[in-house]
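Right, I'll just put the structure down here and ask away after.
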Amino acid sequence: MRPSGRDLNQMREVTIETGILTHADGSCLICVGDTRVICSASLGERVPMFRRNTGLGWITCEYAMLPGSTHSRNRRERTVGHPSGRSQEIQRLVGRSLRSCVEFASMGERQIIIDCDVINADGSTRCAAVTGGWVALRIAMDRLMEGRKIASDPLVNQVAAVSCGAYAGQTLLDLDYAEDSEAETDANFVMNDDGNWIEVQCTAEGMPFTSARLTEFLSLAEFGITQLFALQRSAVGRLLPVA
Amino acid sequence: MRPSGRDLNQMREVTIETGILTHADGSCLICVGDTRVICSASLGERVPMFRRNTGLGWITCEYAMLPGSTHSRNRRERTVGHPSGRSQEIQRLVGRSLRSCVEFASMGERQIIIDCDVINADGSTRCAAVTGGWVALRIAMDRLMEGRKIASDPLVNQVAAVSCGAYAGQTLLDLDYAEDSEAETDANFVMNDDGNWIEVQCTAEGMPFTSARLTEFLSLAEFGITQLFALQRSAVGRLLPVA
Amino acid sequence: MRPSGRDLNQMREVTIETGILTHADGSCLICVGDTRVICSASLGERVPMFRRNTGLGWITCEYAMLPGSTHSRNRRERTVGHPSGRSQEIQRLVGRSLRSCVEFASMGERQIIIDCDVINADGSTRCAAVTGGWVALRIAMDRLMEGRKIASDPLVNQVAAVSCGAYAGQTLLDLDYAEDSEAETDANFVMNDDGNWIEVQCTAEGMPFTSARLTEFLSLAEFGITQLFALQRSAVGRLLPVA
Amino acid sequence: MRPSGRDLNQMREVTIETGILTHADGSCLICVGDTRVICSASLGERVPMFRRNTGLGWITCEYAMLPGSTHSRNRRERTVGHPSGRSQEIQRLVGRSLRSCVEFASMGERQIIIDCDVINADGSTRCAAVTGGWVALRIAMDRLMEGRKIASDPLVNQVAAVSCGAYAGQTLLDLDYAEDSEAETDANFVMNDDGNWIEVQCTAEGMPFTSARLTEFLSLAEFGITQLFALQRSAVGRLLPVA
Amino acid sequence: MRPSGRDLNQMREVTIETGILTHADGSCLICVGDTRVICSASLGERVPMFRRNTGLGWITCEYAMLPGSTHSRNRRERTVGHPSGRSQEIQRLVGRSLRSCVEFASMGERQIIIDCDVINADGSTRCAAVTGGWVALRIAMDRLMEGRKIASDPLVNQVAAVSCGAYAGQTLLDLDYAEDSEAETDANFVMNDDGNWIEVQCTAEGMPFTSARLTEFLSLAEFGITQLFALQRSAVGRLLPVA
Amino acid sequence: MRPSGRDLNQMREVTIETGILTHADGSCLICVGDTRVICSASLGERVPMFRRNTGLGWITCEYAMLPGSTHSRNRRERTVGHPSGRSQEIQRLVGRSLRSCVEFASMGERQIIIDCDVINADGSTRCAAVTGGWVALRIAMDRLMEGRKIASDPLVNQVAAVSCGAYAGQTLLDLDYAEDSEAETDANFVMNDDGNWIEVQCTAEGMPFTSARLTEFLSLAEFGITQLFALQRSAVGRLLPVA
C-alpha cells in the first residue's frame, strides 16, 4: 500500500543509544529507520545577553547535516557563512519544543546547548532531533542534579515528535524520504506528556488540505508519539508510567 | 475583554492601496491596523538554477523590517550578512503560500520576486505579507497578460492569511502586538479560495494547546480570511463572487 | 528646455509629513517629486566605543533603498553582507552633515541613529535624506528636551541639501533621474542656516567642469536650499525667521 | 611510563567499519581509541575550475569536528563563515596525502570529495582522517570501476598516517589527547606503501628538537603505519601483500 | 606658520619610482613626503559583467592600507570581510578619476585593475593614489601598445590630485597628517591636463566654509597639480609640454 | 645545473633594511633575491582572551600578499572575508616560530602583532617572513626595554628559516619560484640559535621522499640558516657570537 510496505499507522523501528560521546554532558544516537541523528547536550555557564542577571536558564539548539548524509552531497554551511533557512527553521523548532518542558528558574542562570547532527538522512530528521534532543537534555539535567548544582528538577515534561503525510488519499505516520517526496506534504507534530500540542506545522505547497485531514493527522501523531515516550523513558532509565 | 477592546472575532481595519511604487511591476501598501507593509512584485527574466530549461516559472519572496518599524530599533540584516532565522521562516512561508496559487507552466520560464517590507509593525506582519503579496502578484500577472507575454492566467487561486491566539481562556482573531505578547502564542493560517488550508502553524512555547483549541482557531481563521478575500478582489478590480 | 519641463532653477514639489512611524523617536516621509524617503530617528543609550566616557553624544546614519524602489529591482544588501560602496558614501555624507549642526556636550552621552530608507527613487535621494534626516533629528531632540533628559538644545543649526548638474551647456537645479542620467554629472551641496557650506561634492566622470561652472552651481544650490529651510521649519512647527 | 599505560611504540586499538552511510559513494567509521571519524567519499561530475577541459580528475578534502566532539563544546564553523585555520591546515594535509596516490588521467575529469567529520576527539584526528579517508576513497574507486565508468584503477598507492611525540625524554607513538597536551609537540607522518614519505610535519612550540629525535620519530612512524596498511587492506577486502 | 614649517602653497617633496614590481604590467612607488603608496596596474582579459560584449574596456581601482602604515595599527579589512566605507570611497574616487582619461573603445574589451596600497601614511594618501595610479596606468597602456594589442592610445589625458585645507584662517596646500588633524577639513581636488576639474570634494565636519574659501582652494590646487603633471611626465619618460 | 645557475647550497643575496615605517614599533624590509617582504611589529596593550589576567604576553602574526606581488594578480582576501588556507598556514607557522623564542612572563601582559606583507613574490616568502619577522620583533623588544616598560629581555633566542627542495635527483637550498614550481616539493625549516629545530615541514604531493633525503635537507638548511643569523644580528646592531 505505502511505498515502504508499512501499515498506515506503523512507525519505523526506533532505537536510542545513550552515552556515545565522551565529552558531552549528555548524548545519544537516535535511529528512526535509516535516519540517524547524534544529539548532544553541552552545559555552558553563560546565558545569552537577554537572560543575563535574570536568574533564569536557557536552552538553545543547533541543527546540521553532515555532507555525506544526503542523496547528493550537502554543501557545508560554513562555506555559506550561516545556517540555511531550513536549518534555522528546524533548530528554532527543536529549541522551542525543548524549552516548553523546562522551568527556567530551577535551572539557574545556565545555558544548555543541544546539538543535533544528522549522520544519515531518510526523512523526518527534525522529529528525530526533537525526540533525541530530549534524551540528551534529560541526561544533562540528571548530571546537574547529581552534582548538586541544582536542587529541583527543571525538566518537568517530556516531549517527542513525529511526521505525518497524505498519500493517495490515505493518511500515513512517520514518512521516510521516498514517501515524503511522493506525498509532497510536510506535517510535523510535537506533543508533551500531558497530551497537549507544542507545535503543529502543516505545509501544503503541492496539495492543500482540509480540516478533516488535519484531524486525522492529530490522531495518528498522538498514536506515534505515545510510543516514542516509552522509548525515551527506557533510554534514560525511567519507569514507564502506570497506564 | 481583549486588550484592544475588539470583539473576539473582530479583525482590525484593513486597507490595501495599489500602485504606490513607480517602477515595480505590481505594488501595494497593506495596512492591518498599525501594521503597514509595502509589497512589490518585480519580474525577472531568469529563474533560479533548478528551474533552468524546464519551461516552468517561479515565485520567490523576500521579507524584511525597516529599522524604525519596531519598538526598539531593529538592526539591519545587511550588518549580519544574511536574513535572520525569523525573516527566513517568514519569507519561506509567504513564498510557499503564493506558489500554491500558480500554474507554473502557464507562466513561462520567468521569475517574479515578491518583496514584503514592513514599514511599521504592530503584530501579524507575516499574515499581512501573504495577503498583500497576493495583490502585488495579481497586478504583475495582469500586466504580463496585457502585454501578451503570457496567454492564460497562471494565477489560478487566491490566498490570504490571518493570525489567531488564545488569551485568558478565549480564542482571538488577528492579534496586535500587545495581544500577541500577552497571549504568548503564535498561530498563523493560510487558506485559499477553495476553502482549503495551505499552511497551519501553531506554536506554543508558553502555553501548550489542545486539539479542541486548534479546531476553534481553524473556524475563526476561515471567518477572517473570507473577509480578506473580498478586500483583495476589490483592490485589484475584481467582482466579488456570487455568494 | 530641461527634460522635466521645469525652469532651470525650479525645484520639484517637496512635501514633508511627520510622525509617520509609531515607535521611532522622530520620523518623517519626505517627497521630492517621485523621490520618497522615510527618515526616522532612534535614540540609543549607548554611544560608539570611541565616545565612551567622554560625556559627548553622537549621531550616526544608515541609508538603504527598498528593492522595489529602483528601475530594475535592487538586490538587498543583506545578501552581500555589507552596505554597497554607494550606500556607505551616502550614509557617511548624511551623518557628517547632521553632526555639523550638533553640540555634542549638550546632548549627553547618547547616540541617535538616523535611518533613511528610500521607498521610491527618482534622483537626488541623498539630498532628500539629509533634508528629511534633519527633520527626524529635530523631532527627536524636541522629545528629549520635553522629557527633560537634556537641558539645552544640542541642535544649534539647520541643514539641508540639493543637487545640481550641467545639461546642454546650462546649469540645472534638483535633477530627477531622467535628467541625472543624461547630464552625467553628480553635484551635491549641503549648506547650513548660517549660509556656509558643509559639503561640496562635484564629480565629473563624463564631463570635466570649469571653476566658473562650479560658481554657478553654488549660487543655484543656495537658492534651492533656502526654500528647503522654510519647508523644514514649517514641518517641525517653527516660525520662519524674519527675513 | 606513558600516561595511557601503553608501551612507547604501542598504538591504540584501531577499527575501521565500512558502509556506514546509505548515500555516499564510499564511507567508513574509523576508531583510533576514542578518536572516531566518519569518512565519506562523494563523486561529483565537475572538477574545480583549474582542472576544466584537462581530462584530469581531482580529489579534495573537507574536515570538521562536531560541536560535541571536544572537551569544551566546539563552536560551529558556519557561525564564523569559514573553516578555522586549523581545519584548513588539516584538510589541505589530507587532500595532498590522498592525491599523492592517484593517477588523475585514469580517473577522468571527475572530482571525489572526501569528508572527514570528527564525531569524538581524543588526539591524532588528522591521522585518523588520512587513514580512513583512503578507505572511503578506495571504496568509491572500486564502485567507479564496477560501474565501468573508468577502465584502469587510478588509486595506485596506499597511504596512512600516525602521530609521534616526545615525552619525558622518550619517544612515543600515537598520542592520545592527554599525552599530546603534556608532550607539547605535534609531529605527524604520512607514508605510502612504497615506504616513502608524503608528509613530515614536526612542530615544536614548546620544545625544540634535535635531528636525532626526528630520526627516532621516522622509525616509530614507519612501524605504526605498516600496521595501519594491514587494517586498511582488510577493511576493503584486499589480501595482505606477501611479506 | 604652518605646523610643517612649509610655505602655505608649498608641497612636500614628491618622488615617483617606476618598475618596482617584477610581475605587474605597470608599477610605481610614489612618495609624497612620508606618504608612500605602491601603485600597480594589472591587465585582465575579462571586463565586468555590465561591459561584456560591448567592445569597451574598463578601469577599476582597489585601495588599502598596510596594517603597519598608520599611527595605531590598522586592522586588516579581510577580517571584516569587505573594504571599509573609507576605502570604498577612496577607490571609487581613484577609479572615476582615471576613467575620465580613457577612451574605452580604443582599449578593447579589457580591464585594467589599479591597486593602490599604502605602505606608510602621512596624510593625503588618496591624492597620492590618483597621481601614482595614473603613472602605473600609463606604463601598462604603453606596454599594450608595444605589444601591438591596441592600435591607438586610449589614455588621452593626464590626471593628478592634491589636498587643501584651512588652518588658523589661512589656506594650505598638501596637508600632512599633523596638519590635517588640526585643520579638521578634508578637501581634495582632481584636475586633468586640460585644466578642468574631475572631482571637487570639500567636507567640513568641524568648520563650515564660505564660497570665497572654496575659490582659494581651487587656485591653490591648480598650482600644486601643475607641478605633479611635470613629475608624472618625467617618471614615464614623456617630454614636458612647451609652456 | 639548477635553473637559477646558483650552486646547490648557495642562497640568494639577502638584505635586511630596518626602520622603513614611521609608525610601527619595529620594522624591516627583507629581500631574498626578488622576494621582498615588509615586516612590522605593533605593540598592543591587550592580549587575546585566553591570556587575560595571566600576566603573560603573546605574539601573533598576520601574513598577506599584495595583489600585484604575484605572477597573475592575486585577489584581495578582504573580498573573500577571511585569509586563505595558505595564508593561515603561513601566519600560524610564523607565529609559532617567533613565540618559541619568547619568555612570556618577562614580556608582561602585552601583545605584539607581527605583520608580514609580501610586496613582491619569488618563492620562499614564508621563510623570509620568519627571518624578517624576528628582526621586527627584536627592534620592538629593544624599544620596550629602552622605555623601561620591561626589565629583562623576553626575546631569549634567535630564529630564522630557509626552504629546501629536490630537483633532478639533487638537493637544493633556497628555491626561487622557477625552481620551486619544477621541483614540486615544498620543504621548510625553522631553526633557533641553539641549533635545534622549531619546525620541519616536508610536503611531497608530486614526489615522495626517503629518510635519506630528509637528512640531506636538514644539513643544507642548517648551513643556510647560520648565514641568516649573522645577517639578522648585523641588521639589529648585535655583535656576531665568537665562533
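We just call them A, B, C, D, E and F in the order they show up, numbering each chain from 1.
Criterion: contacts are C-beta pairs under 8 Å (C-beta built on N, C-alpha and C of every residue); 3 or more make two chains touch, one makes a residue touch a chain.
None of these values were measured; they are calculated from a predicted model.
When the contact pairs of C-E are set against those of A-B, B-C or A-D, over half line up by residue number only for A-B.
Between the CA-based centres of chain E and chain F the separation comes to 33 Å, rounded to the whole angstrom. Chain C and chain F have Cα centroids lying 51 Å from one another. Measuring from the averaged C-alpha position of chain C to that of chain D gives a distance of 60 Å.
Residues of chain E in contact with at least two other chains: 81-83. Judged by the touch criterion defined above, the protein chains form a single closed ring in which each chain touches exactly two others.
Ring order of the chains (start chain D, then chain F) is D, F, E, C, B, A. Contact residues on chain C toward chain B in their complex (touch as defined above): 20-24, 27, 34, 38, 40, 42, 44, 62, 64, 66-73, 76-83, 113, 115, 117, 119-122. Considering their complex, residues 81-83, 85, 88-89, 91-92, 96, 99-100, 192, 194, 196-205, 208-211, 214-215, 218 of chain E touch chain C.
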